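Starting off with a structure, shown below.
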Amino acid sequence: MSKLIAIVAGVGPGTGAAVARRFATAYPVVLLSRNASSFNFLVDEINGNGGKAIGIPTDVSDAASVKNAIDSIHKEFGADVAAAAAVFNAAGGFIRKPFLELTEEEFSRGITVSGKGSFVFSQATLPLLLKGVDAGSKYPPTLIFTGATASLRGSAQLSAFATGEFAKRALAQSLGREFGPKGVHVANAIIDGVIDIEKTKEWLKDAGPDAKIKADAIAEAYWSLHTQHRSALTHEIDIRPFVEKW
Amino acid sequence: MSKLIAIVAGVGPGTGAAVARRFATAYPVVLLSRNASSFNFLVDEINGNGGKAIGIPTDVSDAASVKNAIDSIHKEFGADVAAAAAVFNAAGGFIRKPFLELTEEEFSRGITVSGKGSFVFSQATLPLLLKGVDAGSKYPPTLIFTGATASLRGSAQLSAFATGEFAKRALAQSLGREFGPKGVHVANAIIDGVIDIEKTKEWLKDAGPDAKIKADAIAEAYWSLHTQHRSALTHEIDIRPFVEKW
Amino acid sequence: MSKLIAIVAGVGPGTGAAVARRFATAYPVVLLSRNASSFNFLVDEINGNGGKAIGIPTDVSDAASVKNAIDSIHKEFGADVAAAAAVFNAAGGFIRKPFLELTEEEFSRGITVSGKGSFVFSQATLPLLLKGVDAGSKYPPTLIFTGATASLRGSAQLSAFATGEFAKRALAQSLGREFGPKGVHVANAIIDGVIDIEKTKEWLKDAGPDAKIKADAIAEAYWSLHTQHRSALTHEIDIRPFVEKW
Amino acid sequence: MSKLIAIVAGVGPGTGAAVARRFATAYPVVLLSRNASSFNFLVDEINGNGGKAIGIPTDVSDAASVKNAIDSIHKEFGADVAAAAAVFNAAGGFIRKPFLELTEEEFSRGITVSGKGSFVFSQATLPLLLKGVDAGSKYPPTLIFTGATASLRGSAQLSAFATGEFAKRALAQSLGREFGPKGVHVANAIIDGVIDIEKTKEWLKDAGPDAKIKADAIAEAYWSLHTQHRSALTHEIDIRPFVEKW
């Protein structure tokens, strides 16, 4: 029987790491990030805790780079490796500035990373997820996209980010409708708030405890999505702190 | 410390019973349904399995009837009883017929049961849920509404149902925004498919296995909502079988 | 050939009056409002300007009252009267207060006026609109509902209003899908801002000119909807001042 | 006073041509299309009918090409030319095929033309539209995007198209929120149906008359948007034939 793994793209100190830790309790995990420095600490941590993790430096918006990552996965886990989960946690273009001052390069980051990146990642991982269906994965193999408030709303001065996030959501819906009947669970998460990480330590200090989202709680929500019965799949969830205005 | 209970309104053979069973693994449960015959079997089952359940015949769209139910709850569990969860699983007006043939009584069922009923139920249970916050409930006390495809879409010949379901969703959003910051988790579930119960045994027979939603899987999703960390609450989820067109 | 009229329910000093004036340039108009004092000035004005208007005191949430209005219309315009347009401009439940302080009566105003009222009005006017199709109305006979921001969003402390407005929108969608193919154009307008009327004179004074919606501009938008070709009908529009945050 | 012009990008035989004709009744029009053969007939027609039109071969997804078009506009109409309207009617990626068979180039057409193209076009025309505000344009200078059903829904096997259309809609919202308060009216049209043109002559033959959208009716809707009062602007409209299922 195929070995089932989980693949997490966009591993940094927040959501990606938490998701990797959560899924590592059940599957070997593959961590993709542009720089090895983003995942090395985590690879060591998971392997040190009795789990199994490898990291592969990858640019998810570059098809050749992602293809190379898949080759490395096959080398590591064998030709018949299958995926129980693939999580696309990358995003591009979070730039807030007057529209007329945006450069083409700045604008393009959103549709390149969030848009084309999610396409490239999906094309590379769906064959492994479909193998997971055939391999009798206990839970429907799951492809999860991390989105944002900007997946639903194009705010002023945020067009670079919103265009990419909208595009990613369109892809998630399209894949959900095509691959759901083939047994792959595709889900989209709208993260509506600030993640509680080192970088955001000074943010929202007056908002009281738990005003920033715990990355572990997002990971738990993704795990809940993953373990849903195929007769009762959720395509989209929103996640926000209890004090958030929305 | 207050005793924490779970209250489920609209207990029939499907979602309501499954939700009651799931929450009974953690809390005493109170089952509300118009007729005792809808919950008697379940009260016996839960009590027989080492859980604790009581049933109270209640018309959730009638404020006096719901007030009476709350009185019975206080009598049973004491004046300082608090709620960890309240689930509104009732709906009215599922009638498909040409609009010009609808009677006023038929049309009104949706806005009466799904609309006014969810208001009456929420006003009765929110004080208990707020007490649950004060009582230090492990998980944010949770008010969950069961909705339907018709919560998002007004289909032809289904106005009686859709008006009630839209109204219920409006209430859920309004309560989520008012009571979230007070510590109560309000969530709305869009059930998009046929529930797999005795009544639907002959439906979708050609659609293959798991084409109808397992009520237990809905209950598990509600439990996942209930156990979310307050920094990462989901307001709305959709639930549908993997083969469902949407 | 049948006489084509326009019927406007909910005629006050703002949108209703402006819509009546605009449609009176093409059709005899019937004005419905609870109190004759709401429409008397307008009936005089329109008749004085060479148009034709009658007013009928009507409670749009009361089927008997609306039936009586239809009888009066037949008496005035003949048994074969048909409608080119019917506009439901009534709403109930605009009450902002903590949810737990809402009385059942206060809560019910929204679903009664906006919800049941739009049902009653639609059942009474759709037969006249369908006659308008048969009578060869130049433009598709049009049923327009006036909605609000709260048709799309349940804000904190506004549940009484939002539940009614959501219900009205559900009805509009359902009727659009059932009666569009029969030749009746059903449209829903989301008015997202403050109307510029006597009552709101002191509001938004610092927001600059045109920060409040001109009722005549809404009327013009409704007229644009009415005159759309049946191959290109709009079901929903939003309307807001250029400075409005959304 | 500045000369006010209208600019239409994506001029073919359908919507683009109809919009150009409609706006040519009020303004000199500039037609942008990749190939001159797409607009030559129309330039001749408009100029022959007493209007004023020029065509400029332009690739709207290429910033240099669009910059060149703007230079040509300045050469033709003078340095102080301003725009009363700019319509982005281009789209890319209408490809229906299994997701795993999509090439990267095929997938990218949507986000390149509909996404980056709408960005490039907007950055080039907004300065002219803002000049139109200063120049006292009778109607708020208007930037209109033509979208599709796929702007709202990611259907199976249509991800290339939907990602671009979603991105375009995100941009429209972002620009509406940033430039509305500056006096520019930004609107997004969801065209939900088949346009009635030579290419679609054989489509929907059994659906009866007017089952395909008349391009002139879309143009009329765009004109209605353009002439809205700034206190009552519509951001999004849907347009579909009366018989369309939705």
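In order of appearance the chains are A, B, C and D, and numbering begins at 1 in each one.
As a working rule, a residue touches a chain if its C-beta (ideal position, glycine included) is under 8 Å from a C-beta of that chain, and two chains touch if they have at least 3 such contacts.
Only a predicted model underlies this, so the values are computations on that prediction, with no experimental measurement involved.
A straight line joining the Cα centres of chain A and chain B is 31 Å long. Between chain B and chain D, the centres computed from C-alpha atoms are 46 Å apart. Shown for chain D are the residues in touch with two or more other chains, namely 177. Contact topology of the protein chains: cyclic, one closed ring where each chain has exactly two touching partners. Pairs of chains meeting the touch criterion are A-B, A-D, B-C, C-D.
Of all residues in chain D, only 63, 98-100, 102, 104, 107-108, 111, 115-116, 119-120, 122-123, 126-127, 150, 153-159, 162-179 touch chain A in the complex they form. Contact residues of chain A toward chain B in the complex are 140, 177, 180-181, 183, 185, 193, 196, 210-214, 216-218, 220-221, 224, 228-246.
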